[in-house]
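Two complexes, one shared chain (chain A), two partners (chain B, chain C).
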Partner chain A sequence: MNGPFDAKRPHLSDAKKPHLIEAAAPPPAATVVTAKKEPLPFGRGKQAQEAERTLNHIVDDFDDNPQAMQYFYELFRKVYCRGESIAMEGVRIGTTCIHAPEELVYAMGATPVRLCNGSYHYDQIGAEFMPAKSCSLVKATLGMLNSEDPVPRVGKLDLIVNPTTCDQKKKASAMMQDMGHPVFDLELPNVKESEASRVYWRRSVKQFAEAIRGVTGKRLTRKNLRAAIARTQRAERAFRVLDGFRLASPSVFLGKDAFLVVNAYFFDDLDRWCDAVEALNIELKERLGKAVRAAQKKAPRIIFTGSPPIFPNLKLPLLIERSGGVVVSDETCSANRMLYDMTAVDEWLVNDMVDSLADKYLKPCTCPIFTKNEDRRRRLLELVQKFQADGVVYQAFSGCQVYEMEQRSVAKTLNENGVPLLYVETDYSPDDEGQLSTRVEAFLESIKTRKRNRA
Partner chain B sequence: MNYFAGLDIGSTAIKVAVVDEDGKLVGVHVTPSGSLFYKNAKEAFETLLAELGIERAQVRYLIATGYGRKLYKDADDSISEITANGFGAHEVGKAFGGVRTIINIGGQDSKAIQIDGRGGVTNFVMNDKCAAGTGRFLDVAARNLEIDLEELGDYHFAATAGPLSINSTCTVFAESEIIGLLAQGHGKGEIISGIHYSIAKRTARLAKKVGLEDRVYFDGGPALNKGLVAALQEEIGREMVVPERPQTTTAFGAAVLARAEFFAERAERLAEEKEAMAQDAIAKAVAAHCDGPQCGPVGCASHAH
Partner chain C sequence: MSRSLDTLPPGDARGAPLRRIARGIRRAVNEVDFNRFRFWLQLFFFALLVYGGFLGLDLGHSLPTFSCVYNGEGRPGMCYLAPLQHQLAQPWPKLFGEAGITVLSGFLVFFLWFIALNKGWCGFVCPLGAIQDWLTALRKRSGFRFARYSQATFESLTWIKYVLLALMFLIPLGIGAGYVSHEMSAPYCMICPARMIVPLFAMDFKQLAVDFSSSPKLVLTTLGALTTGTFLIGSFVKKRFWCFFCPMSAFHYLLSKPALFRLVKDGSKCTRCGDCYSVCDLQIKEIADDVKSPQIMMDDCIVCLKCVAACPEEGALKACFAGMTVFESTEEGFIKRMEKGAKA
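Coming up: the complex of A and B.
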């Protein structure tokens, strides 16, 4: 873990700086001395090393990364490796799932930050007070919230909105409250097809709006909601354009970068994020014109589905692309599911807008927490066809029952349609990388053999 | 004579196989992996070549596979052990009427692989990160019972009572379960056959996930254990093929692939050369017919139309 890149990037000493900035500027010369004398808190080092390792793989294992990706690489170095604070305007609202309508948050003058965490270090902290068989994502998120040194550094949260999705997240709500965080339970129905569930959900969303008003003191108006929808729609548009570049064969843009871009959306300033993605889109258009290739023409094209890859746990997508495959699209809540669907408003009146928002967050969602989920299978087949994919890789975090259970029906559907599937049960721990690489490589090799035989 | 080699660097043993130009196996070598993967693999390879009287230069293509495949930089290519196992079993299985399902138990994992009529992998499953049902499990059990790995089969058939049930799926817990059974006065034979059935049940469950088809090919080091073979046969209830040297199928598969890769690359090169020569000939012909600006419909290098 330590060693080569410690020498290259002295991130451990950098890590102290943000503290000092927050503590209103003591003379810089003295700070360097104290930073060296004081041993670094154990956690910061571990967390930062993990992030550094993933970033090095993302950046150094691939030639000719798009220039515009530098913004995102640097953003993650700043936030995860150097632990710099994230400037959030006004009231800060943490979210633990994509189901919390962020437009409402923006409209009432607050800033959302998605707390879902991907760090093995926090997973282990979470394991100290969570059942051993709970999923890494929930353990890491709670571990981070309970840690003395939570990264990303978003400061004190005024409210955490916790949609009542899977059982583990539901029960996490009370735990977060015990830690001293103010929590709002956003009640989500178990079924999404029925009219009753739609009515129920719309009411929940309105209650959420009330809860935000409780912390910001601002009212939801036609004007501020419309402006907020326009802001997020800009992000959705930029994402759709970016998504379109991934149709190209040979690939012009890799999945590892795509995951990083959407992961940045969790905590980055909305407008700055949009600027960066739009700049990336301009560059990718040029690259496409010049026929710059991000992968070999023969590279197996993979759709990624299942438990969400969240930085720094990009273990599996990275393994696919380091082994010569390309993740051309995904069906996960840390990327595609987060930004693909746009708000469709009929009438620009407050109530209609809120209803349209509620619909956007319920109807197209393919999360396995819903009783029936044919939409997910349909969506996967659609992605396979649209992106000319050769196979699907399905990640299930150990302990994530809903994804583990849905594996069967997804496998059956894909099998019936002749689409190869690799199902991988894993967690945030790096210890199965050797085994996983064998599986991933064998899967990619079998796809290549199949293609050769067909030719 | 040209030769092609496969080097399977596993967690427990290193296996080398060499085939000739016709893809016929000329020799194999098996040695423990130890802790110095690269050094031991290199030595194993050199030992086999010396035994066969083959020069290193005569080995025209070498493919590394297995857990340590990435460490062996002298190889021309590396491939996962699942792909290599598929092609190896396909070749060996021909003599038995063809195989479509492979069960492989290795030192630290077990796999079930489904292949098509050409040896290509169509589906596979692997155990999770756990030693239960792998060679390591047998290793631990043999050590507890103070017998050699090679003796497990004999004890299995010499059992005087029916197989005991071993319920622990975890290798570490199974160890204490075995000690408990010994303390209760059970014989080694019944315990060992119990262990074999426990592994066989686990493996059969894994194999059913991938889907059993046709004959089942069983390989990997533990396939040398006749007791385990008998137990697995019973659990699977299908015709089972156990090769003569079950440890080396994967290395052989890698060697077969090395040969195929060599000829494919050569064919590609020849095709390219031929294409270049043809282009050259056209250019020459065009140049020869050049009569200045009106040099014909094709044009020449200096008078393109």
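Coming up: the complex of A and C.
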């Protein structure tokens, strides 16, 4: 473990950028450039405004949203627009990537919180830490962690586990430490096919378990790990059922809601989240029975891939669905890749459970940080086929080199299989929305023409 | 595809009553508590192959599994390896003359038995396999974790079964040609753990003795005692320890091309999550990594179908009989089995 608290705070003190922290800081401390020392209501901060705008689009731009989605709309309003605290009791462990096995965290009595952030406001703050052309997600996460009272208000973190995935996340580790956060580097191999990488990763995961034990003081036992797996199993089952509804054509459930639901998993209480998704599944089943349509019958069905959409940056999926398409599935680490895969255990003893968990977090992963991306391309083709998709939209955050680099091979594979692809390089800034909307509309239009010509 | 009913539109649940029943059966099969089912089936076959003889059952002399010949009264038929080694040890003029017909007809019957179940004989029928699984259950109950070979060890040990198979042919042929002593007859049987262990279940302890009558017999029976000891300890710490070295397994594999019962993989549905590999008793990596070959049964495979039961992807792995799917991986089946495991 790294000795965290003795780290000095970086020179970029908050005083240097008062105009940037107003939304993150608690209301009394907030300042505005013009009205000096006058507390600004939380809801008027940049962060809250940004969230409000996205939520309004999600809720108001579509008629007849499922009733059960209200829980999630309200959750995001509460957390992002009103800045209410959602801090869990006990030890809280932040994760910066889906590679951190959360079952281990739950088993030892702590609560995991996924820190990956989607806010443009924090992206701007975080820009100080990273070179100009860097990934918005990493910058936003750093920006949030450097704030006095970051939103979502998940409370003080007892540990941040940072899997050594892409270069930017790797280098973020030391920066987070400099901000005063205790950080554990979870060592992830660069290759996932070899047996050596499996062995290495299994050992890393065991070290992670040790690190959690260091924070919570609790031992990992057969009983508590089993119970933790049972809890995440429930979430995975609920997710898979939800995912199943997206097979329906015409669609009964939209991608913008799906992203929101899975984004809520980042910070929501696990059991409450499961309750809400299960309720949603019941409603969707009814809707399917009554043939309620969430989109037009001939709406182009889109698979979303690439850099993860994280609230409030649901810009691109929202654009697709506001323009008449439907995101029927995705291959991103903020949604499908996070909850789709399930753990198979042969012998429910601690060692076998930990090893099986480790495998789940490494083997099926289609993250572009690995040397090869054959699995990702196969996965995309499978999704296209299974969800009867008409095209793929590929989002790459500018500066997210690994996704940018994989564009070529993914495009080639999809092209060979006759699947249209729209590659979009973007970031958290709202500036390119107009231009993107033109491109998305043209793409959807071309798919519709294609379908008409085929019919 | 038998996707969970939760996700099916209600209209789909209708249809002809016969089809509905068929779908119901299919669902029940695919969502079965597989380990328990397999346990009872293995117990059934164990009883049949160890005590069937007492009921007057006779299945012939060419069974492709360890219905051990040394379990005199109890066996309902004979493990083919014993008659094979005896037949091969005949003097060459006889072997390549009239006796050749007997050898060939014996092999043909063995082959027909074999292709019906393929290596399913190992995973479901073999009494020695069942004993290994019981030792595994005992270890599990005592809370010890299993041992695994490293990939390198796996690769360096995997050819042993072929050497044993070759010796099993060469030594008897050598006897027939006069190069090897008659005392070496049925060499594999002498070192097979089944010889000592299976008769024990019929209260026959004679095979535990070491034979001092001649030096080849002494060597072979001593080796037999050693393999039996290794078998017992090995199977306690390592799942299906002996299968990895079993010449019957190698023999099966060499003949498996036309088998009717098959393990089939649809690579396009595979996410390479490795769930199948992590439950595999024989540590077969290809089951998870190979997304190109539909015929995925490797030489070490015992077709226990645990991988199918542990696959969460609809139809990615299946067991087929003569092209018909008998049991396939389903999301719902996977979830049910794993939820049960986590709750128990």
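Quick note on the criterion: the second predicted complex is superposed on the first by the 412 of 455 C-alpha atoms of A that agree within 3 Å, B and C clash if a C-alpha of one lies under 4 Å from a C-alpha of the other, contacts with A are read in each partner's own complex, and residues count from 1 in each chain.
Here is the rule we use: contacts are C-beta pairs under 8 Å (C-beta built on N, C-alpha and C of every residue); 3 or more make two chains touch, one makes a residue touch a chain.
Since the model is a prediction, treat every value here as computed from it, not as a measurement.
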Superposed on chain A, are chain B and chain C clashing or fitting side by side? fit
Where does A:Glu416 make contact in the superposed view: on chain B (first), on chain C (second), on both, or on neither? neither
With the two structures laid over each other on chain A, which partner does A:Glu74 touch: chain B (first), chain C (second), both, or neither? neither
Applying the touch criterion given at the start, work out whether A:Glu445 contacts chain B, chain C, both or neither, answering first, second, both or neither. first
Classify the contacts of A:Asp61 with the two partner chains as first (chain B alone), second (chain C alone), both, or neither. neither
Residues of chain A touched by chain B versus by chain C: which partner has the larger set? C
Given the touch rule stated above, what does A:Asn453 touch, chain B (first), chain C (second), both, or neither? first
May I ask you to decide whether A:Gln435 touches chain B, chain C, both, or neither, giving the answer as first, second, both or neither? first
Examine A:Asp346 and indicate which partner it touches, taking first as chain B and second as chain C; both and neither are also allowed. second
Please give the nearest C-alpha separation between chain B and chain C in the three-chain superposition, to the whole Å. 23
Note which residues of chain A are touching chain B in the complex, please. 420, 425, 431-432, 434-435, 438-439, 441-443, 445-446, 449-450, 453
In the complex, go through chain B and note every residue touching chain A. 67, 79-83, 109, 116, 118, 120-124, 126, 128-129
Report the residues of chain C in contact with chain A in the complex, numbered from low to high. 3-4, 6-7, 9-10, 140, 143-146, 150-151, 267-279, 285, 288-289, 291, 306, 310-312, 331, 334-335, 338-339, 341-344
Would you tell me which residues of chain A are touching chain C in their complex? 193, 195, 198-199, 222, 226-227, 229-230, 233, 236-237, 240-241, 244-245, 247-248, 281, 285, 288-289, 341-352, 355-356, 359-360, 363-364, 375, 378-379, 381-382, 385
